[in-house]
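Each of the two complexes below includes subunit A, the first together with subunit B, the second together with subunit C.
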Partner chain A sequence: MDFKIIPSVCSYCGTGCGVLFQVMDGRLVDTLPMKTHPVNEGKLCIKGWNLHEHVVSDKRLTSPMLKKNGHLQEASWDDAIQTTVEKLKAIIEAHGPDSVGVLASAKITNEENYLVQKFARAVIGTNNVDHCARL
Partner chain B sequence: MQEQIREWLEQEKVDIFLGYKKIQGHPLPHCFTKDNLDETDDLIVGNARYSLEKMATKIAAEHPELKIGLLVRDCNQRALNVLYVWNQLRPDNIETISVNCCPSKLKEHGDCSYLEPEKAAPLKMMIGIDNNMDVEAAEEFGQEDRYKRWMYEFQKCLKCYGCRDICPVCFCKECSLEHTDLIATGSVPPEIPIFHLVRAVHMGGRCIDCGLCEDACPVDISLRLLYRKVNDIVSDVFDYKTGTSADQSPFNMLGEEVTLELKPI
Partner chain C sequence: MTNSIAEIEDSACIFITGSNTSACHPLIARRVFRAKEKGAKLIVADPRNIQLSRFADVAVTQRLGSDVAMLNGMMHIILKNGWQAQSYIEERTEEFEEFKAAVESYTPDKVEQIAGIAQNDLEKMAELYATNSPASILYAMGITQHTTGVDNVKSICNLAMLCGNVGVKSGGVNPLRGQNNVQGACDMGGLPNVFPAYQPVTVEANNEKFAKAWGKALPGKIGYTITDMVRAMIDGKLKALYVVGENPMLSDPDQHHLVKALEKLDLLICQDIFFTETAEKADVVFAAVSVAEKDGTYTNTERRCMKVNKAIDPIENTLNDWEIISKLSTAMGYEMNYESPEQIFDELTTVTPSYGGMTYERLGLDGLQWPCPNADHPGTQFLHKDQFTRGKGLFHAVEYLDPAEMPDEEYPYWLTTGRMFAHYHTGTMTRVSPHLDTEQKTGYVEINPEDAKTLGVNDGETVRLSTRRGETEIPARVSNKVVPGLLFVPFHFAESPANILTNSAFDPIAKIPEYKVCAVKIEKAA
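On to the complex of A and B.
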């Protein structure tokens, strides 16, 4: 029997609530709000309360997917990135850079979000950058 | 206390002990075991209160033979009594160490997060239900005013289910609050007042007034007061004081006979 409480931060939105994961026999079984966390003071929204479900869900993507013959199939990162580059290049060539939009994420760091907008503006050449919450 | 727990683990009086330990500066619930005896030196009581008995219930569901020790404040002990009544934990498998809780002006120190309840804001005092009110004071509002005030509280609900998820005595496999025939889905706030009243009815004879639900409610709904009212009725009608003993509850009909009788109203 092994039971652990592991402090962490909710990754669902930019608020960053403190959570406690309950791990039983190596399985993530439950989430609790951290009572002494300065951000959420022992409270969570419904997404935070159910974090464990999305971590262990079998619907969770664990590798990139590429559509081949109309079906999504698992692919390697190299293949996925190569395909994306080719398609983006073709689209930009045919319709101009403003035909592309980039959505940044609440789940990545500040610095990564900086890179996302840099990628949109400097590499693709568009100001179409927005946040995933406006998806 | 640390020594006693160490002894219990060494002598296998308990297989695990649920207490608290400071981790990354936070007093967090922690499971102490025989494999890591020296860790018992770091055991603290901590002023933040978690439902260790709810963790014990989850552990016992998968490991029914395990002997579990835990630190108990008054509220944890009352919750344990209810969990015994409802066969969620077996008293033979539970060992407790009581801690100095319930902070009061009458003593120097008490380990609890529920120190001084926050004062309600002016708007809440004017049109809602102050969380610090007692049942009698809340009943002084006229019926219509009272209804409006409760509805003001309920319409703030985010349907986070935190009140249920944190509650030590909410252990149902299927919860009525998620039953689509009882409560319509797809909107926030949830269907009111039925969402809150369904839970209130279920807390009759079950709520041990620990206040964890209210602590967890992101919008400060006066949940504790609502369940206090329900349990006042339980006490008046059945003469049953929830959580004060591990005796049969009037709502628990399993067993050979019902021992409690209806009191004439």
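On to the complex of A and C.
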């Protein structure tokens, strides 16, 4: 039996409580509050206590998908990326980079948000990048 | 937040408006209760009787969208009694006289007529806030999601400066951010007008700096906000949309309008951990990983950048968001060969001055609060300490304006929307969580007992809500949380979507939709 405790941060609201993920034999089994964390000092709300439940949900997406004949079907990463790139390039060619919009996310990390806006600005060539801060 | 979460418990007075803190930010509410135990005064102004109202020294239910009138009224009373922080105003702020002239006409009588706040309550609010120092203001989307959202925030800043509460410990203007990394997404330049750390794209020096860092010429024109994007889709100007970790189908206002917009796209790319209502409409879906499967950082509402650590391997055929973006970018012809999130972090700190002194090693378990410009800087607990970031604190003269839509004969009730304690945003994460689902399985509309009686509706019975945008059927929850004439619908539930009803009218500057106010009709369902 292999048991690990991994410190992390709750991904629900903007409070940013410190959590401890409990991992048993590579499976995420529970969430605990971090006692020494400056934000939550050993407490959590009902959402935080149950943070692991959405991670292990059987409703998670498990594979990329592509629309074929009007229906989304499982695809390989190579196919999904290649098809997307072909379509994106054709749209940029025909209508210019400002015909593309990118929505970054209040759920992903800083590193990933940095890359999303870099992708919009440097790769697509547009400042059409926003996220759900207003919503 | 200008100040930090822990400081709240040492405030002498806490003014909460437009935030249901104990339901939506419970671990911040905990600091409010601690402050109460230490003797702090508590003022709560919310259109609903929220849980915190019961603990307040004064609690009012202002009419939806009347916040500017309420705040101007408080400041009118403060000035009339000479409770303002005169030397602070003279030393640290500007344009006070213009502001003072603007609040002159907001007499308690006028405010009572607009906001429905009894005159002695307004006077008590003003006195408690102005005579207990330091005083902290907490607010959330109840202040910002209005066609006058920017005016509301400016009025809050006026109030805080008037009483010398900005730049002091346990004071401040403290917006409570709703999503775990909404602060970070803004800091990282996930906005159409700024690069990371709010460096405007229209300033040539910034553009050159990033062009050099990224080895590519960059556009200098401000892009579309999310609100503009929807319109551009309808007009056929926006052909492709790449949505990362969002579910606009449930989170955007006026759902019918949005569906029409999405259907006009040539390409919709959706990247998420669940098959959301938005993913159902997509041409491509990228399967990403959850919080427990990734390394990286989040920045919370008090500007604290903290390390997230991978606990388990990515499930099945999923990839980290940074890996997906890198693959896509490389396939587009722009090489991104990052080996780890740490490598990306080290790159972003070189172009994001407020994060300049941060490294994974320095973040440790507690994180660091920006600005943290260099390796020796300890981070910043509260902002504007000796002077405001812009130099002098700027007062704004703000006049009250009506919301975009108000009740009339056809749609006689006020409708407001928001969150409830057990669920989160569009419900994609919480509704699959067995414990949270057990707490609340369906959507509902809160209705006052008097109104329920008039309509002949019992608790739990289905009612039909309709607005100029759309209609939905939903169980009634008869409750004194709402005052007569007001209805409340949480927006977590796809089968009774609040945003089929809401108004997409938006603030002209912030482009934020008016989710908090519209006019609605309610009938017993057949």
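Here are a few things to note about the model shown:
To be clear about the criterion, the second predicted complex is superposed on the first by the 92 of 135 C-alpha atoms of A that agree within 3 Å, B and C clash if a C-alpha of one lies under 4 Å from a C-alpha of the other, contacts with A are read in each partner's own complex, and residues count from 1 in each chain.
Assume a residue touches a chain if its C-beta (ideal position, glycine included) is under 8 Å from a C-beta of that chain, and two chains touch if they have at least 3 such contacts.
Because the structure is predicted, anything quoted here is derived from the model rather than measured.
Of the two partner chains, both subunit B and subunit C are touched by A:Pro7. When both complexes are overlaid on chain A, the residue A:Met34 reaches subunit B and subunit C alike.
Shared-chain residue A:Val123: touches subunit C; no touch with subunit B. Once the two complexes are laid over each other on the shared chain, residue contacts for A:Gly42 go to subunit B alone; subunit C is not touched.
The partner that reaches more residues of subunit A, of the two candidates subunit B and subunit C, is C.
When the two complexes are overlaid on their common chain A, residue A:Met24 makes contact with subunit B while staying clear of subunit C. Looking at the shared chain after the overlay, A:Cys132 reaches subunit C, while subunit B stays out of its contact range. Touching of subunit A by both subunit B and subunit C, each in its own complex, is seen for residues 4, 7, 18, 34, 36-37, 43-46, 49.
For subunit A in complex with subunit C, the touching residues are 4, 6-18, 21, 23, 26-28, 34, 36-40, 43-55, 57, 59-67, 72, 77, 80-85, 87-89, 91, 95, 97-135.
On the side of subunit B, the complex with subunit A involves touching residues 15-16, 23-24, 26-31, 48-50, 55, 58-59, 62-63, 66, 113, 158-162, 165-166, 215-218.
Contact residues on subunit A toward subunit B in their complex (touch as defined above): 1, 3-5, 7, 18, 20, 22, 24-25, 29-30, 32-37, 42-46, 49.
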